[in-house]
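Given below, in the form of structure tokens, are the structures.
Shared between the two complexes below is chain A, which has chain B as its partner in the first and chain C in the second.
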Partner chain A sequence: MELIVSGSDLDRLIRSLKEKGRVAGPVSRPTFRGRMVAWAEIRSIGEVVFDEAPRESMKRFLFPQPEVLLRFKRKGTGYEVEPGQVSQETVLFGVRPCDARSACLNLLPYQDDPFFLRNMAATVIVGTRCEQPCSTCFCRDVGGGPESIEGMDARITPCGEGSWKIELFTEKGLALFQAMAGGEPAPTPEGGAEKTPPLLKPLKSAPLSSLYESDVWAELARACLNCGICTFLCPTCYCFDIQDERLGSSGRRIRYWDSCMFPLFTQHASGHNPRPTKLHRVRNRFLHKLKYFPDRFGSFSCVGCGRCVRECPVGIDIRKVMKRLAEAVQTEV
Partner chain B sequence: MEISCAHDPGQDKILSSPASNPYLPVRCRVEDIVVESEDGNLKTFRLSIQDQEARSRWNHVPGQFAMLSLLGAGEVPIGIASSPLEEGLMFTVNRAGVVTTALHRLSPGDELGVRGPLGNGFPVDTEMVGKNVVIIAGGFAFTTLRATLLYLLEYRERYGEIIVIYGARTPGMLLYRKELEEWAGRDDLSLHVTIDREGPGWDGLVGFVPTIAGQVAPSPDNSVALICGPPIMIKFTMPPLEEIGWRDEQVYLSLENRMKCGLGVCGHCNCGPVYVCKDGPVFKRSEVQRLPVEY
Partner chain C sequence: MRGIVHHITEELRNTARELLASGRISAFLGFREGDHPMTVAPFAARTAEEVELLIFNSFCVLNSANTIPELLRDLTPPAKRGEPPNEPPMIGVIATGCWSRNIVVQIQEHQVPRDKLVIVGVASRGMVDRRKVLAKLPNSDVYSVEEQDHLLLVRGRGYEVEIPRWEVVRDNCRSCSHPEAVDFDLWIGPKTGPRSIDAPFQELEEIEGLGAAGRWEWFSNEFSRCIRCYACRNACPLCYCPTCFVDDSRPQWVGKSADFSDTATFHLLRAYHCAGRCTDCGACESVCPMDIPLRKLTKKLYKAVKERFGFEPGLSSGATLPLSTFSSEDREEFILRPGGPGQEER
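Coming up: the complex of A and B.
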């Protein structure tokens, strides 16, 4: 189902949504050097930037920093324990196709995780079309595309003169725009998802050892700083650490983003480290995305947003890794 | 694409998800603490689950582990040393870092949390049935093998010959000494306890586990071996076994990696394509041989 709405209607909707929860979108923010596009709460649709990808993905709305797993309070010789946090009702405007798709991919490992499921259920993703793919992104190579609606509840497209086209894909999307639409639930249109990326099958059937022993890893690892920027910005990196925070007699157990690029990620208490070198860690990150995850779940754990390519301080490029692995697979056959 | 987009997981699934929070530990009480080793670094904790319902729901397979949880300090994965047929739970903890040190400070009567059971365990009810079982353990990795042995002895008639080879540095570092004595007196079990070097008051076997395994030379016919110990021990135990015809498909190992969630999501414990916490910790050696050496 589709409708055309005016900017003032949308602004009214946003105001009413804000009474119940958060409404956020990518907005333009001044920085020391100029400006950047960042996720922030919005008051009107006019604030949302549609023609440039935000520096961060939307993952912090689905993986809050931190997620409270439980709270505890000292009581006698023991503790009183309460379950963790409740999800906040959230509407996200202007989510790009790659980022929206990341929610679907992350759901695969998190399909039994009540926190992620609740956050998903509490979040309405109003996506957008990608009119202008940038030089660093490659969504088509990993199974997405600028027209993909995977992960979107609705899609909003500016159509000039202060009006907007809204397409509704899910019950949640419909519910959001109910007052304006007042119609039947929309069937999800066909053809949203793009074709299987060509590299998926060869990598899947390749024996792990041929990829694990590729000489591309040594080459990449030489430059890598193990700074973890790539993992924190990546919408499909979902690893976390768990820690306890205590203040006086009460506290909370939280989980928050962690990165396989850090040596401590795997270090045992004995000092032994199963991934002791940069090479091990770089290889793990890429093989997880391109081999381990696809072997388990059937899709690359990458949506091709290009953030890791853009923001890596030493210019490590996942597209190059894919190319080299493709070659390794080819020579193998 | 092979994935289907399930962006809306559905309210039903969310509302009916089990106990809703897999990170909530069950409340346990420390009933008893035994200092196992002469250096005081190994302590065995006997716990009772406090909540009636959680107690009747608890059910584990030998070889599984659980997260021991001290609120304010953190959680650590520890192999379950008790057999599922025993009252209560038992864990033997080596003092290694922050959380294990905090565990060592507990006294009987204190409370702690247990989250689990987690992982897969040994195939005691499937592939091991009808087979001879060889248990080879070094150091404090004997814990889950104790659980396994008790289970095998309880259902003795379901298995063939049972051979146990267990070694520690010194007599004072051997775990569960009372039980070892008991087992030594049984005629339906062949027990070989060894220490690394000659010492006063020890008239048993002397020598490293691999050497003793070579001498015992258990037959590979219709047999499985469960091997737990430091990686170096496992490495040197295999050649003498291979020499007498053991194959990797008959050998089960238990891997250890740093863990956080224990549920296959946090990413900490992966060894190449597998998550040790969820796909393991028990793997056939033939499976381990196909993995990168990231454990």
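Coming up: the complex of A and C.
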């Protein structure tokens, strides 16, 4: 269902939501370089930036880092264990279609992960239409689109003169705007689901060896700094590591972001490292997104937000990698 | 590409081509264009065809010295069993003022043998912070950027703007007194001489004046954005340790998550590791995706080393390194004693 609300109604809603949890959105922040769009807690809808993608994806709300999985305390010869952090009730305003879709893709490998599921359940995603795709965007090439509502509980669209259109898609979305609306959530509108991206099938059916031995990996490895920018800004990079942090006889078990770009990611206790060079690591990152994940889950592990393209300090572009792989597949056939 | 950078790029390619053709070097290290506007990637040209990819422009915010140790390792033929390691071949490398100073630091620290390098010196015109450019644009989005001598011609969706180049030059370049390579074998492009800077540490004054609590607040605000991607470390020509202290697991020196206590530890330790070595090349700050003013820490330490020891890093490979030598003249007032100086802000 659909409703038109005023800015002041939304601001009242945001204030009341803030009493129970947090409300966040992309806002413009001054930095030494001028400004950046960053996720922050908001007090009013007017603060939310709709026409520029935030530097970071919304991932930190669903994969908080560190995430405390449990706390422990020495007791006799064993340990007393208590549950870790509780998921905070969270409402995110102004989530772009690509970022919203990432929640659905991440759910595929995390469908049995109690912590992720708990965080998802506590989060309401109020998405937005993407009116201004950037030069670095390619959502359509990976199965999304600027009109996609995948992953959204509701969608907010500015319609001028301080009023906003709200579309409700899920029970969670309906509950959020209950005071303003009544009735049932709307069925998913037609046209939201995009076509299968053309590259998906050829890459899925291609033998791994034709991609694995491509020249492109050595070229990329020569340029790559092996930093974690691409993986940490990526909405669909979800790899983590776990550690016990102990002080005296008590401590906590935390989960935090890890990156396949780092040598330590695959370092074995024996000292052996199965991905010892930059080439191995670069190849893994791209093939995971474009081959391994699709082979297992049927979709690219990429929403085409373009952050890795925009933010790469040496200007590596995943779209060129996709093109090169497509060529490699064609020559094979 | 037109004007000065075009001419320098032509000269660079000619020089690299000749060096490779003569057999004097087996690779020439510089930069090639990145896939995205205003980016470059480190690139070692090994053939005449690859030389055509080398460029020099205002977006070379990385430091060529950063890639030298890795490239020498890659080019050294593996030794036969039981035989001593082979010597690396010679390489050519392009160097501006700070890049050449970082090469000097690597020579002093025995990471790079001087006699394996042909350093091609160039004067930097000041490199552009691409994020300063993006911050000025609608939706921070850009299609193409054309560099002219004093203007950047920037095109995007439905706009075309001219941005004066100097307006978007990096802060470190604006306060740089050594734009020219200090140690070189060949030279390309115009010579500009050293720049005289009246107040090289002016950018620190605001933070220095805040008092301990204010400085901590500034530090916490700016550095809590860190996502621990380590781009700053990986872009830094000083960071060549085989195992970085953040990657050590036995013992583990610092926590791994983005918990602020761990992030703060990482940044403070990294900055101190750079004291007396950092040339303020700005690569760390240029690559930071979260707009963290990383250089404020290293610049503060640059200032402290200069004031205390009269030393600036990378100007002479024969110089004594202040932080790896002891002199009875060294000032020690930083040692805190009850009631002594340094306690007033606690």
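Here, the second predicted complex is superposed on the first by the 333 of 333 C-alpha atoms of A that agree within 3 Å, B and C clash if a C-alpha of one lies under 4 Å from a C-alpha of the other, contacts with A are read in each partner's own complex, and residues count from 1 in each chain.
The rule is short, and it goes like this: contacts are C-beta pairs under 8 Å (C-beta built on N, C-alpha and C of every residue); 3 or more make two chains touch, one makes a residue touch a chain.
Keep in mind that this is a model prediction, so the values were computed, not measured.
Undergrad: Please tell me which partner, chain B or chain C, touches more residues of chain A.
TA: B
Undergrad: Tell me which partner A:D241 touches in the superposition: chain B (first), chain C (second), both or neither.
TA: both
Undergrad: Could you tell me if A:A175 is touching chain B, chain C, both of them or neither one (first, second, both, neither)?
TA: Neither partner.
Undergrad: Could you look at A:P263 and tell me whether it touches chain B, chain C, both or neither (first, second, both, neither)?
TA: second
Undergrad: Just chain B (first), just chain C (second), both, or neither: which does A:A221 touch?
TA: In the superposition, A:A221 contacts neither chain B nor chain C.
Undergrad: Touching A:I229 in the superposition: chain B (first), chain C (second), both, neither?
TA: second
Undergrad: Classify the contacts of A:T136 with the two partner chains as first (chain B alone), second (chain C alone), both, or neither.
TA: second
Undergrad: Regarding the shared-chain residue A:C312, is it in contact with chain B (first), chain C (second), both, or neither?
TA: In the superposed model, A:C312 contacts chain C only, not chain B.
Undergrad: I'd like to know which partner A:V81 touches here: chain B for first, chain C for second, both or neither.
TA: A:V81: touches chain B, not chain C.
Undergrad: Look at A:Q65 in the shared chain and tell me whether it touches chain B only, chain C only, both, or neither; answer first, second, both or neither.
TA: second
Undergrad: Once the complexes are superposed, what residues of chain A are shared between the chain B interface and the chain C interface?
TA: Shared contact residues on chain A: 241, 243.
Undergrad: Touching chain A in the complex: which residues of chain B?
TA: Touch residues, chain B against chain A: 1-3, 5-9, 11, 13-14, 17, 20-25, 27, 71-75, 96-97, 100, 109-111, 113, 256-258, 260-261, 263-268, 270-273, 290, 292-295.
Undergrad: Note which residues of chain A are touching chain B in the complex, please.
TA: 69-70, 72, 77-79, 81, 83-84, 101, 103-105, 107-115, 117-118, 120-121, 125, 143, 150-153, 170-172, 192-196, 208, 212, 238-244, 246, 251, 253, 255, 258, 260, 265-270, 274-275, 280, 284, 287-288, 291-292, 295-299
Undergrad: Touching residues of chain A toward chain C in the complex: what are they?
TA: Listed in rising order, the residues of chain A that touch chain C are 31-38, 51-52, 55-56, 65-66, 132, 134-136, 222-223, 225-229, 231-233, 241, 243, 245, 254, 256-257, 259, 262-264, 309-317, 320.
Undergrad: Contact residues on chain C for chain A in the complex?
TA: Its residues touching chain A are 32-36, 39-44, 62, 129, 131-132, 135-136, 139-143, 156-157, 171, 225, 227-231, 233-235, 247, 249, 255-259, 286-287, 289-291, 293.
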